[in-house]
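Note that chain A is present in both complexes that follow, paired respectively with chain B and with chain C.
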Partner chain A sequence: MAITSLKSGISTRSGMAGNTLIYPGSYESIATTTLSSAASTITFSSIPSTYTHLQVRFIGKSVTTNGTYDALLMRFNSDTATNYSQHAIIGNGTSAVVDVNNGVGYIIVDPITSSGAIANNFGVGIIDILDYTNTNKFKTIKNTSGFDNNVTGGTNFQYGYKTESSGNWRSTSAISTITFNTGSASNFAQYSQFALYGIA
Partner chain B sequence: MALNLFKIETIEITNITSSITFSNIPQAYTDLKLVGSVRSNVGNPYDFIYFYLNTPGVGAYTQRLIRGDGSSVSTQTNSVSYYPLQMINGNGATSNTFGSFEVYIPNYRGSGEKSFSVDIVSETNSSGIYMDIQSGLWNQTAAITAMTLASGSGLYLPYSTFTLYGIL
Partner chain C sequence: MAKTYTPIATGTMTVNAPSITFSSIPAGYTDLKLIITFKRDNAGGVYLRFNGDSGSNYSQTFLEGASTAVSTRAGNQSFAYVDYNGDSTNNGMYSIDLMNYSNTTTFKTYLASAGNAATAIDKTVGLWRSTSAISTILVASSNGGNYFAGSSATLYGILKA
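Showing the complex of A and B:
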């Protein structure tokens, strides 16, 4: 007899004789936000504390027309104080540089595209947050993200770039809310999508 | 559809210790993923980990990496008898900060030499931190049944965690 988890959708077999046990996976969708219209903020709230780690997967675009990209800003538990830091390696196809932002009011998860990019082109990224409920730790993230604007060659960051970054929130509080905004304070464009997963 | 990710084991450090081992790794998955949130008691802001597959001292490891240190980007290659998993946070780093890393090992039961990828950060609110993306190779063809992570210059501090997942 197959048993399907309403939460994960994973089917398992019963433990009755003759069946091989298949255990539910450790990676579960908590929530997904897909914008049906432009919005200034994307928030995941009331995040369950029952997982070990969190992961966010996103495609994002802002409506600013200033250039081809925008920054993605991340905050925890509505804390807007200067309790965050961020470091990054950024490559644009020709050169690699670093970016450092300490004592700021957000983690810069760079980049997403903007309305100056080609149509239907979204920045993409994956963010890992380990031990998000551990009250003995400040919270560290790892991020890999980037975009390409369909330009061959060139050294201009407007053509696209790749970022590997880390960030830290200097708080031992368990993370219960994650908020995303754009660096330009513009709205996120329609169809931007952010998915939050819990990892057991 | 949910990613077919299955927790095999979590090891949380409760007393300072020099080494942890995942043994008897099930041979039922396609890939392995190891994540860690780790701090050592060395007085420096940074430390590293001796990473071994199966039996420490058997085989050799090669490594290529791209590194950001807060002021520049560099690259290096290493060939040693252990895989240097670097950098994690030492006790000289901002209090309560832990290094984060992930090791991804595809086809860990395959008959070829074992390749893996690593991303690791030692994030703090100081300018000079290390962030690496790495690729590694273990020149042995045995299926991976164990992995050992021995602390580098210091010892693992409490609340450090290591979690091993199997992926179908």
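Showing the complex of A and C:
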């Protein structure tokens, strides 16, 4: 069965089995950073407070050559204090593990690839930041991310890395700035791209 | 702000069939999202092929929860495999994000979430080792079975600022 007709023209659409998944008109692009050269930090600032949730969709690579991957660190409103925590379940192709970090100065959003991975291979992820302007509760994120390295690697190298995680920022402040760095403090590689969306 | 998250095409099977193909996918978006509900005549996964490439250019890392156990595995083959699908009595559900599908400088990576309420939930990250922009996606049964009439797939485009 081939589909050749494109663009339904329907403004709202049920996404799955009769359940209304999203209304496309309520999902808006806010800003995008695409690196034309390596850089140490990616920042979204002056984020408008007019949405209910935020979503970050990224492809990322670190220039470190230590292994096949690097951690991606996320902070809100430039807060570097130990106000963050996260739980993650991770599968690397050979073992499934749970990773927990409490009282740290960032949310770890594993993983992105490094220069030790196969060429042209970037880690990808989708981060949902829920109720980001609500000043009555702490902020919670959920993340799905990973990379695959074609079953190549070795000691201290990962064949692949599939992560599902949640994170918490213990602040009631509305989020107006999001900052990303690598866990190794290395630069993000050229062509890394982070796109921020708002969901009304 | 630019509104984005646009339905590109939907296919709903009116008769039992082995595959659905999205062709002539426009290159004007940043990411694609594919939502699938399938019921089928035998158990197994779904595979995707991009641009008709049947070479050994695909690999995946899986994270699965089934019954009381969690597991992981990796593989490579001539198609983009996505666990886990429905069988003759249970719908399989898929949500697949194809990141930077039209980028011609990087390989293509997708994230998939799939489940069959009776058996398992699966999370997959997969790689297609090609820098070509994706213009065609074949969605097919991994072991030659048919999908039942009523199975459907919808492709969305997401555009960055």
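In this section, the second predicted complex is superposed on the first by the 170 of 200 C-alpha atoms of A that agree within 3 Å, B and C clash if a C-alpha of one lies under 4 Å from a C-alpha of the other, contacts with A are read in each partner's own complex, and residues count from 1 in each chain.
In the analysis below, a residue touches a chain if its C-beta (ideal position, glycine included) is under 8 Å from a C-beta of that chain, and two chains touch if they have at least 3 such contacts.
Since the model is a prediction, treat every value here as computed from it, not as a measurement.
In the superposed model, A:T144 lies in contact with both chain B and chain C.
Touch criterion met: A:S29 reaches chain B and chain C at once.
Applying the stated contact rule after C-alpha superposition, one finds that A:A96 touches each of chain B and chain C.
Using the contact criterion defined above for the overlaid structures, shared-chain residue A:N168 touches chain B, although it does not reach chain C. In the superposition on chain A, A:G160 makes contact with chain C only, not with chain B. In the superposition on chain A, A:N134 makes contact with chain B only, not with chain C. Partner contacting the larger number of chain A residues, of chain B and chain C: C. In the superposed model, A:G183 makes contact with neither chain B nor chain C. Within the superposed three-chain model, A:Y191 lies in touch with chain C and out of touch with chain B [touch as defined at top]. Where the contact sets of chain A with chain B and with chain C meet, they give residues 8, 10, 25, 27-29, 89, 91, 96, 144, 164, 197.
On the chain B side of its complex with chain A, the touching residues are 1-7, 10, 35-37, 66-73, 94, 96-100, 102, 119, 121-127, 129, 131, 133, 158-159, 161, 163, 165. Within the complex formed with chain B, the chain A residues making contact are 8-10, 23, 25-29, 52-53, 85-89, 91, 96-98, 100, 102-103, 128, 130-131, 134, 136-138, 140-142, 144, 164-168, 170, 172, 197, 199-200. Residue ranges of chain C in contact with chain A, taken from their complex: 1-11, 13, 17, 19-26, 30-31, 35, 37, 59-64, 70-76, 91, 93, 95, 97, 99-100, 103, 105-107, 109-111, 113, 123-127, 129, 131, 154, 156, 158-161.
Put simply, chain A touches chain C in their complex at residues 1-8, 10, 13, 15-17, 21-22, 24-25, 27-32, 48, 57, 59, 89-96, 118, 120-126, 144-151, 159-162, 164, 191, 193, 195-198.
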